[in-house]
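Letters A, B, C and D mark the chains as written, and numbering starts fresh at 1 in each.
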Amino acid sequence: MKTINDSRNRQKTSWGSLLLVLVFLAIVFYLDQNIKPTNKMFMLLTVLQKGSVYALAAVSMNLLNGYTGLFSLGHAGFMLIGAYTYAIFTIPSSARDTVYQYFDAAIRFSFPETFSNVMGPAGTALGVLVAVILAGLMAAFFAYLIGLPVLRLKSDYLAIATLGFAEIIRAVFQWQKLGPITNGSNLLKSFARTSKFKLEVGDTKLVLSTFVPVLIATVSIIIIVKLVNSTYGRAFKSIRDDEVAAEAMGINLARHKMISFTVSSFFAGVSGAMMAMVLSIAQASNFKSAMTYEILLMVVLGGIGSISGSVIGSFLFVAASEWWLRGLDSGTFLGINAPGVFRNGFRLVVFSIIIMIVVLFFRKGIMGEKEISDLFRDRKKKAKGAAK
Amino acid sequence: MRKDKPCVLKVEDVTMQFGGVVAVNNFSMEEYEGEIVAIIGPNGAGKTTAFNVITGVYAPTNGRVSFNGERVIENYPRGKMKKAYLGQNAGKYTEHLEPTPDKLTALGMARTFQNIRLWKSMTVFENVLIAKHLKRTSNVFSATFGANRVEEQMQRDEADALIETVGLADVRDELATSLPYGKQRRLEIARALATEPKLLLLDEPAAGMNPQETVELTRFIGEIRDQFHVSILLIEHHMDLVMDISERIYVLDFGSMIASGTPAEIQQNEKVIDAYLGVTDDA
Amino acid sequence: MKKILSVALILCLVLALAPMAFADNPVVKIGVFEPQSGDNGAGGKQEVLGMQYANKLTPTVEIGGTTYDVQLVYADNASSNDKAPTAAQDLISNGVSLVLGSYGSGVSIAASDTFANAGVPAIGVTCTNPQVTADCEVYFRICFLDPFQGTVLANFAKNELGATKAYCLAKLGDDYSGGLCNFFIDAFGKENCVYEQFPEGTSDFSTYITNAQNQGCDVFFSPVSTEAAAQIIAKADTQALGMPILAGDTWDSNVILNAAKGTDVKICVTTFYQEGADAEFDAGIKEWIRSDATALANNGGNDELAAVTVMGYDAYYVALEALKAAGSVDPEDVLEAIPSVEYVGVTGNIAFDDIGDALRDSAFVKSCNTETGVWDFVAVASVD
Amino acid sequence: MAKTILPYVISGISVGGQYALIAIGYTMVYGILRLINFAHGDVFMVAGLMMVYMAASMPLYIAIPLMIILTVFLGFMIERVAYRPLRTAPRMSVMISAIGVSYLIQNLALYITGGLNKNYPAIPWISDRVTVFGMETSRVTIITPFLTIVLVVLLVLLINHTKIGMAMRAVSLNFETSQLMGIRINNVISATFIIGTFLAAVGSMLFFTNYPGVVPTSGAMPGLKAFVAAVFGGIGSIPGAVIGAFIIGIAESLIKGLDTILIVHGTITEQIGFATFSDAFTFVLLIIVLVFKPTGLFGEKTTDKV
């Protein structure tokens, strides 16, 4: 009896969540059509775009750090691989020589272009999708190679080794000798980017600049949620809680750690690709370890071990640092005008103090290990308890 | 002895040497299907080390372990140990087989821990369910995209059934670590059973229990053996429990086996009495 | 606590969006897209000084018969390519009619898409990389380009300094120094150049100096940021580099003068402006810098003029010309008007070609007088 | 050949000495708390910044000791505020706290300096130019390794022959037991942080005299490299950290010059661009060590208990 109830409840929650997600996507679509770049509220779209990039990055990091207990600091490196893969394979041939201005571009192939030649506009979308997936696969492939030696290492050694790998990857991508592929240390641009994502239906032009990244992030995060709730996700959690017990219960540590690591890196790669399409540039020097730290802090802010926490944490982080707290940098904040104090950099100071407070006093972050759906369930439970 | 039944576990000449210390010296034992066998010995006798060798935590320095008639662990003094080896039977074994514990669990060995190692953040149900992971046929993709729904439901049902059997149904959704000590032990055993083992290895199952709980546990272990058709190997200090349920006992002292036999034989054995200095009761 | 935090955050949001106080005249906003922090922070601040001075001199503009107050709206791109698009978006959302900047080419390239997407025109002041305007319809600039500057410098090295082998040093991932080095090498001859790049955060330049010495180079070309420059000069001094250092427009800054004063390092740069070309202007701006404590601090503590400041000054007037020509504050109209704008500035005549680049054919070459700590005029250089 | 390589080696030894002084702070803290103190590199940067501001308003003979005292106080406070409350928390939390502190310090420095490069004051005598083996360099380059070795010898004496040193060794061997034996753990940890930051402060003086630009991120790379040096030498081992630091310093310097060395030597004719990997090489070294000899060159082997 209990089990039937259990599975029915599970299904009910998932249908409810799905509905919420659809409503959210519809709102984003609506906003995309109605907020023009010159509008003051366009910051909202910027936050949604960047927020969804970081949300996916944070959730994928959480899969590794929060769910599998592998403290890895190599995220920026995998995002870099994703960003470059995506960028290189979506630069149209007409722009290639301008972009690779100091090199003779070696890869002269663009997915959106090739596919649209065959299939028309739908091909462009497909090309972008293929490039995004390829970005993830590339990151996952590198993660596999890196994982073979380093996943055996324990906690902080793993952290420092993965951090080191991210630095190595960055150096390799900046190497002058790889210039024909990576454009050396110079930036890549002119590839398929969100500002160009538009759909023409008859006479009306539908803007998809925010919708596309939000959609990719949503789908990816749903997949991660599915994975976490599957038997593999439970195995990851058991490794986090007690590695020795997990191994004794027949869970192959090396294999499961590798799965978690590659999947996490796959989505890090996807988020890197999204980062490129949102920023409309890709450059190795942006993917520093500071980026990994920021993502880690988002995860902490939201609560290690909570996917909704990571999403909330990253949107809060992005919104606060890009939008709400901007006044702290430019003289006037909350109506207080104090250019002496509220000058450049103050925002980040306030921000890092908030983070330190969370780290020290609210160690569980916003969500702890709970998900949003748990909160609803708890409320129901409480209501039931009260009725009794 | 149930020599008519097939041999589940066979340990041959296992020696475990850490640096210059021989923790287990030339230990051999056998266990037959459906038996309950105990390894006892005073503190520091090498019981836990022997246990860890059998479960694959440590590779032995020399010796062999067979499970269900299949060689699973084998080692001989190699590398630095070649010169430093102090044990016997050097040269008898020539292969190096060192499976990780999960491989042994997959073959049908499951264990519990002396200092209970449940998964802290998870409920009783989840603790048991995860141990079912081993039996999956799905891969990471089919599991993520829900193509294994039937199997998933089956595992959930099995886990529930198991929880029911071991009498933890009323605490199914409690956090494992919030249970009283006795129930945590029980859960750990249930978790091990969820891997559907042929041999269950219990590392001091009664450690930290009061006499009342110990009695319950004794009964519980017996029930398990009959209900799940497993053989049981246990390390224990509580002599009551050991003498009550074991069919055969191996006694270790300073790493070497000093006696083996039925409980009655062991109780009479002078060497054993000497080793325990007469303190054969609750140690 | 969590609730308080969220309430506080929402409050911030509301207040941040609250309308600003209105002045009497209608306001036209000019966006200042410049680095205020990071590697190029010092340079960015100097460039802004020129705009601020110009804004002080000419705080209003008549557009289509109405007098507008000109308001400069700032956004810090933090010298970082990944922060640039957001900073640009910030300006656009603030309703600027056009944008000036930035110091440093990378951030301009990075933000070009954002400006293009919104249809807001931008006028680069000292971003010299060709990519800034290539492929971007809304980006213009009033400075010369790197292929030109690189050639001028290469010719100067060969002809005036008699160099036969050049050591080129750029920063990894920096479009300005990387680009300029590439064009320099093209003009100087690849086989006679040693090209190296240092990663971000490098503080040990002594090995690069040693490399140049060991490979027998006779000119050290390092058009890097002023931050790195100060360190290179210090090391060149202690290690007795023994060859002149050559750099581009970024080095025309008192940071360099301060670092080089009292050393025996020979430094030559190409730049947009030579102090003394317009005495009246020089005196005015210096007076202003001295009188304004913040401006003085932003200029590095003295009143030595940087060329970028003067460029910023000219850029402001070009922006006003564009607004006048457009007859409206709508970015779209301004964008249409810019290509035909012509202006005679302190740094020379300014007009745009088809791609939006300035029609400039000469650069000033200056050398650093290490005794007095000022720039000495060397020559006006151009390419045939 | 020797003449070509010598400058790199000398510069490498000098950098190595500076890394060594930072690495000791890492290795001591790690030895006792098992914590990678990510903020250590930033403390080093703050020491540099303090010197910049203080030298502008007071004579050097006051500024230098005051800078050292304030830096030590900062290190002490970081431990007090950010690490001590988390003593019983999982290791990951403490590490995150360390990253948070590093983020905070860098952002504070960014705010105070306005993100601009600050020029380190020239300290007379040690920043003078000298000629060694026909090579021009600054005096600090020559002094650094010697000063480093003197300080390390003093430190080793302190650890081996004083009460607090003995307590430190005990705590690093077994945290719980030493607590039970009546060692005041908190005092020992504070002492560790004080010594570590003191050395970092001295190191910063040498480092920034040599490379006179201070920016908010100045500490990050030297910090990471010093940590790698500590791991390389076997974390917890002070001589190991010092030797590791010298090896990394020299290797890094040689990598930067490798193109030139090979070209001058005639091995290659075209540049390969090794200099791009000067930072990355350190990490390659780290990973090789971690994978093949996880305990470093001088670290002791430990076995996990089940």
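The rule we apply is simple: a contact is a pair of C-beta atoms (placed from the backbone, for glycine too) under 8 Å apart; a residue touches a chain by one contact, two chains touch by 3 or more.
Just so it is clear, the structure is predicted and the values come from calculations on it, not from any experiment.
*Asks:* Moving only from a chain to one it touches, give the least number of moves from chain A to chain C.
*Replies:* Each step joins two touching chains, and the minimum needed here is 1.
*Asks:* Looking at CA centres, what chain is most distant from chain D?
*Replies:* Relative to chain D, the chain with the farthest C-alpha centre is B.
*Asks:* At what distance in angstrom does the C-alpha mean of chain C lie from that of chain B?
*Replies:* Their C-alpha centroids are separated by 73 Å.
*Asks:* Centroid of chain A to centroid of chain B, CA atoms only: how many Å?
*Replies:* The separation of the two C-alpha centroids amounts to 44 Å.
*Asks:* Averaged over CA atoms, how far is the centre of chain A from the centre of chain D? Could you give it in whole Å?
*Replies:* Comparing mean C-alpha positions, chain D is 33 Å from chain A.
*Asks:* Whole-Å distance, chain B centre to chain D centre, using C-alpha means?
*Replies:* Measuring from centre to centre gives 48 Å for this pair.
*Asks:* At least two partner chains per residue is the criterion; list those residues in chain D.
*Replies:* 110, 114-115, 220, 271, 273, 276, 279, 306
*Asks:* For chain A, write out the residues touching at least two other chains, lowest number first.
*Replies:* In chain A, 171, 174, 176, 244, 344-345 touch at least two other chains.
*Asks:* Which positions in chain B touch two or more other chains at once?
*Replies:* 57, 113
*Asks:* What does chain C use to touch chain D in their complex?
*Replies:* Residue list for chain C touching chain D: 36-39, 41-42, 45, 78, 172, 194-199, 201-208, 210-211, 213-215, 226-228, 230-231, 234-235, 237-240, 255, 258-259.
*Asks:* Under the definition above, what is the set of chain A residues touching chain D in their complex?
*Replies:* 65, 69, 71, 149-150, 152-153, 155-157, 159-161, 163-165, 167-168, 170-172, 174-177, 244, 289-290, 293-294, 296-297, 300, 304, 343-346, 348-349, 351-353, 355-356, 359-360, 363
*Asks:* Name, in rising order, each residue of chain D that touches chain C in their complex.
*Replies:* So the residues of chain D touching chain C come out as 4, 7-8, 11, 15, 110, 114-117, 119, 127, 129, 135-138, 141, 207, 210-213, 215, 217-218, 220-222, 253, 256-257, 259-261, 263-264, 271, 273, 275-276, 278-279.
*Asks:* Across the complex, what residues on chain C touch chain A?
*Replies:* On the chain C side, the touching residues are 1-2, 5, 9, 11-13, 15-18, 36-37, 74, 76, 80-82, 85-86, 89-90, 92-95, 106, 109-110, 112-114, 116-120, 130-131, 134-135, 172-175, 178-179, 182, 195, 197, 199-200, 331.
*Asks:* Taking the touch rule as given, give the residues of chain D at its contact with chain A in the complex, in rising order.
*Replies:* 34-36, 81-82, 85-86, 89, 91-93, 95-97, 99-104, 107-108, 110-112, 114-115, 220, 224, 227-228, 231, 271-273, 276-277, 279-280, 282-284, 286-287, 290-291, 294, 306
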